[in-house]
Each structure stands twice: as C-alpha cells, then as structure tokens.
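The following pair of complexes shares a single chain, chain A, combined with chain B in the former and chain C in the latter.
Presenting the complex of A and B:
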C-alpha cells in the first residue's frame, strides 16, 4: 500500500498499476511480434528459446533506457518491485504469447 | 453485526488520513482532523448499533441472511461462468477433432507428452512434435491472454481502479468469530492517534538547494 517515504513523497496504488500496465502492454505486443518473427525465421527447439530469451531481455533493457531514461533507482518506487522481479515478470508474461505465435507461424509456413 | 459499505468508507477515510498526513498544510488542521477521527472512531460514531448491545447478540449465520446469500451466489456464479465454458470447449475440441494431427511444434518434447498431446492418434512411432488439436487448444489458452489485453485495452484504467475501490457491491460477509467492526475502528483510531505530523514542507529550502546543487 501507499507509504510515506523519507523524501515525503506519497505513492498511490493506481499510479503503480498504470506503470505496470505500460510495461505489460509493451511485453504483450513484443511477445506476439517476436513470436511471429521466430516462426518466420523457422527457428526450432533451442534456437527459438535462445531467441526468446535474448530478444526479451533486449526489450526489457530498451524499456529501462527509453521509458525510465536509464534511471534504475526509480524502479522500486514506480513498480514496487526490484530490477530482477521486473525482468522476471517480463519474461513470464511474454512466454505464452511468444510460444503461441511461434507455433502458429511455424505451422503456417512449413505447410 | 452486519457490515455495510459505509463502515468501510470510514475506515478508508482514516487510512487515507494516515497516508496523506504529510501534505496537510498546517499543524492546526492536522490536529483538528486527527482529534475528530480518533474520537469518532473510538466512540463508535459511525456504527449503526451500539457495540455493547451488539455483543449480546449471537453471531448471525451468514447463510441465513438474504443479503449475504446473494453475495455468495454472485461469487459462485462468477466462478462457474469462468470454468464451465472452458470445460465445454475443451471437451468439444477433444471430441470433434479426435484423430487428427493438426500441427508440428517447433520444439521437441519428451516421449512422456505423447499420451497427452497425441490423444486418440493410434500410431506408436509418430514423433511427439506432431500434435493433435488439444495441445493447440492449451497453447491458445495460455497465449491468448496477451492478445486479449491488447484488444480489450482501454485507457481509463485509473478510473476503473478508483471505482473498484469505492465499489458498493462488495460482498460484506462478516465471519462469526472474526474481528467485529467496532474492534477494527478502535484499532484504526489508535493508528490515527500515533501519526506524527511531519509536513512535506519541512526543510523544503535545504532539499531544494540540494536538489539543484546550489551551495549556500
């Protein structure tokens, strides 16, 4: 819940939810697009998995650089999660969407 | 004792006061608000019945109260509406597309998945990567979540949050033996009482100078 911090600023739950939603939106979109691209590239087994991990981490890093302007100190305040928590959430969120589009485009192209 | 949403609002008011105490402008206003909230909560001003009388009553069975019955059935209906269509669709997919191989997965799986993913395909030597419709159904079940959130996204999320916080239709089921409302209010009164007033304007000059790196 909201708490008063040392710098007297007050955080509100609704703002944090909106921030996390932005993060989720970017991961939803990129997971679908990257899943389709790995299907189009006809990646199979470990290559696809490595492609997923690498691109997802690139997306998360780009999020930190573009949206947070590299200011990683703001993460606990704006997301109520640490850096590893946010990276892990990005990974787990995009996993299912990536696999779905990967399977679909692979099947569509190879037939 | 039946809890009405109004009680929750008063508790929420006290919580908001504690959260936002730092942005109240002067100490007098803070003291006034603190005094009012403490006294009102402690005296049970917001309670419908006198707490001493309510204690004598036996705890009401939530199943006998028509209001909470509706709430319980509402929750049950919400759950049913979620999992019955899933079960029906899964059964239908399994029945209608039985015996068809529909796609080749881009990743290999161990032989253990064979019985699950190649259900009703009677070839013992087929690679597990060739799967039947039910596995595509599972992949969709997980993966369509992100598609839904992209399609059904709206920008009024914050408004929704606020509305959910003030929602009136929350089920108010007071469990027998749980904390009664007057106890919760007394606890909140103590929380309000120990809040110390530290204005956000305290030492604002130093912080401002520090922020813009001006040495005095």
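Presenting the complex of A and C:
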C-alpha cells in the first residue's frame, strides 16, 4: 500500500461543475438555434441528423480552439473526463433541444 | 463582452427569423404554384440561415471569454485591480484555492454561512448594547 501514484491530484468539485456548465451553456444555446436552422433549411430524416452531428462537432471544435486555445494538454487542467466524455455527456441534452426546434420550425414552415 | 454577444445574438436571431419567413413563403409558393413538386431552396435563404447560426455561435463563445474583475482583498480591505478571471476555472485544488483566497469568497459560502439560521434577536440585542456603550 506504499505505492505512490504520481498522477493523483485533489480536485475542486465546484470548479469542475462550473467548467462543465460553461461548456453545456454553449451547446444548449447553439443546439436550439441550429435545430431551428435545420427546419428552415427544410432538412428531412437523415439529412437533419447528419447536420446535427456535423454542427455539434463544429461547435465543440470552436470551443476547443477558442477557449482552450487548441491545446490538448490544457484539457485535464479544466476537465476530469477529457473532451470526449464531456461531449457524450451533453449529447442527449443538445439532441433533445435540436429535435424540439427542428420539429417546431418544420411544422411552422411546411404547413 | 456581454453587450457584444447580445448584439450578435440579436442579429443572428433576426437573420434566422427573416430566412425562416423566406423559407415559409418558398414552401407555400411551391405548394400552390408548382403543385408541391420538390423545388430546392434558394441559396441566399440558406446562406442567411447559416450566417445567423454562425453569429449566435460566435456570440456564445465570446460571452465566456476571460474578463477583468475588481476584487476586494479581504485581508487588507483594498480593491485589487486587474485580477483576470479565467474563462475556465482550474480544477486542481491548490490553484482553485488560490483563486478563492484572491476572491475572498467560497463556492460553498451559502452552506458555510447560513444567514437563515442567524439568531437575529440576539444580534439586535448585542447591537443595542454596543450602541449604549458607545453613547456613554
């Protein structure tokens, strides 16, 4: 039991939550806008889903490049689980927002 | 920063609404005139929607840029100027506590202080006693 883990570090939970909320705030906002834009572009079935995936990746990349200055080494400094864990955690949330606005604008435009 | 992002949100939403109305008109016209034959959306309507999305994205990312805040140093009671708050907070305990010390507050202040449980009558009595001693 005397083994010393070099990678062990104590983390401050309130800041982890604050950082995750910062990331999710952008995704919440953009998923609503992108959902309505996919309705405006009159995308249907798989096209809309592909549009969602592509734009979601673009938003995540924009966050990574602008806020984390494109440095992969900075991610463990601010996030425990890394960027993929973060994206998959927020995926269902942004997907729900996207689908809601997509359905709404499609219904408004095509009826 | 907040004002810039709000302006960008506003312009983006206006562009989206405008392109949405154009898309609606196009759909209705293609329904009635073209007998619901599939007719592609004009390029300018598409571009308008995409530009609106990009503006909202830029506004959202700008809104979390680091900004300078004026913080009161608790120990000396003076205003520490030019303390830059990072966009993301460091999660390492050591660095996080440095920030807390500089801010003079804690994220758990609400739990630690509990202003709802203050015995206000005892405090008032204490204050009145202090006032009485001051007047003498």
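Assume the second predicted complex is superposed on the first by the 99 of 111 C-alpha atoms of A that agree within 3 Å, B and C clash if a C-alpha of one lies under 4 Å from a C-alpha of the other, contacts with A are read in each partner's own complex, and residues count from 1 in each chain.
Just so we're on the same page, a residue touches a chain if its C-beta (ideal position, glycine included) is under 8 Å from a C-beta of that chain, and two chains touch if they have at least 3 such contacts.
In this text, all values refer to a predicted model and were calculated from it rather than measured experimentally.
S.K.: Looking at A:77, would you say it contacts chain B, chain C, both, or neither? Reply first, second, both or neither.
M.R.: Second partner only, chain C.
S.K.: Can A:101 be said to touch chain B (first), chain C (second), both, or neither?
M.R.: A:101 contacts chain B only, not chain C.
S.K.: Does chain B (first) or chain C (second) touch A:18, or do both, or does neither?
M.R.: So A:18 meets both chain B and chain C here.
S.K.: Using the superposition on chain A described above, determine whether A:90 touches chain B (first), chain C (second), both, or neither.
M.R.: neither
S.K.: Considering only touches as defined above, state whether A:62 meets chain B (first), chain C (second), both or neither.
M.R.: Only chain C is touched by A:62; chain B is not.
S.K.: If you stack the two complexes on chain A, which partner ends up touching A:110: first (chain B), second (chain C), both, or neither?
M.R.: A:110: touches chain B and chain C.
S.K.: Looking at A:34 after the superposition, I want to know if it touches chain B, chain C, both of them or none. Which is it: first, second, both, neither?
M.R.: second
S.K.: With both complexes superposed on chain A, which partner does A:45 reach: first (chain B), second (chain C), both or neither?
M.R.: In the superposition, A:45 contacts chain B only.
S.K.: What is the shared patch of chain A, the residues that chain B and chain C both contact?
M.R.: Shared contact residues on chain A (touching chain B in one complex, chain C in the other): 9-10, 14-15, 18, 25, 29, 39, 42, 110.
S.K.: In the complex of these two chains, what residues of chain B are touching chain A?
M.R.: 19-23, 102-108, 136, 139-140, 142-147, 149-150, 153, 157-158, 161-162, 198, 200, 202, 207
S.K.: Over in the complex, which chain A residues touch chain B? Could you list them?
M.R.: 1-4, 7-10, 13-15, 17-18, 21, 24-25, 27-29, 31-32, 38-39, 42-45, 48-49, 93-94, 96-103, 106-107, 110
S.K.: Using the touch rule from the top, collect the residues of chain C that touch chain A in their complex.
M.R.: Contact set of chain C toward chain A: 12-13, 16, 19-20, 23-24, 27, 41, 45-46, 49-50, 52-53, 56-57, 60-61, 64-65, 87-93, 96-97, 107-108.
S.K.: Tell me, which parts of chain A touch chain C in their complex?
M.R.: It comes out as residues 9-12, 14-16, 18-19, 22, 25-26, 29-30, 33-34, 36-37, 39-42, 55, 59, 62-63, 66-68, 77-80, 105, 108-110.
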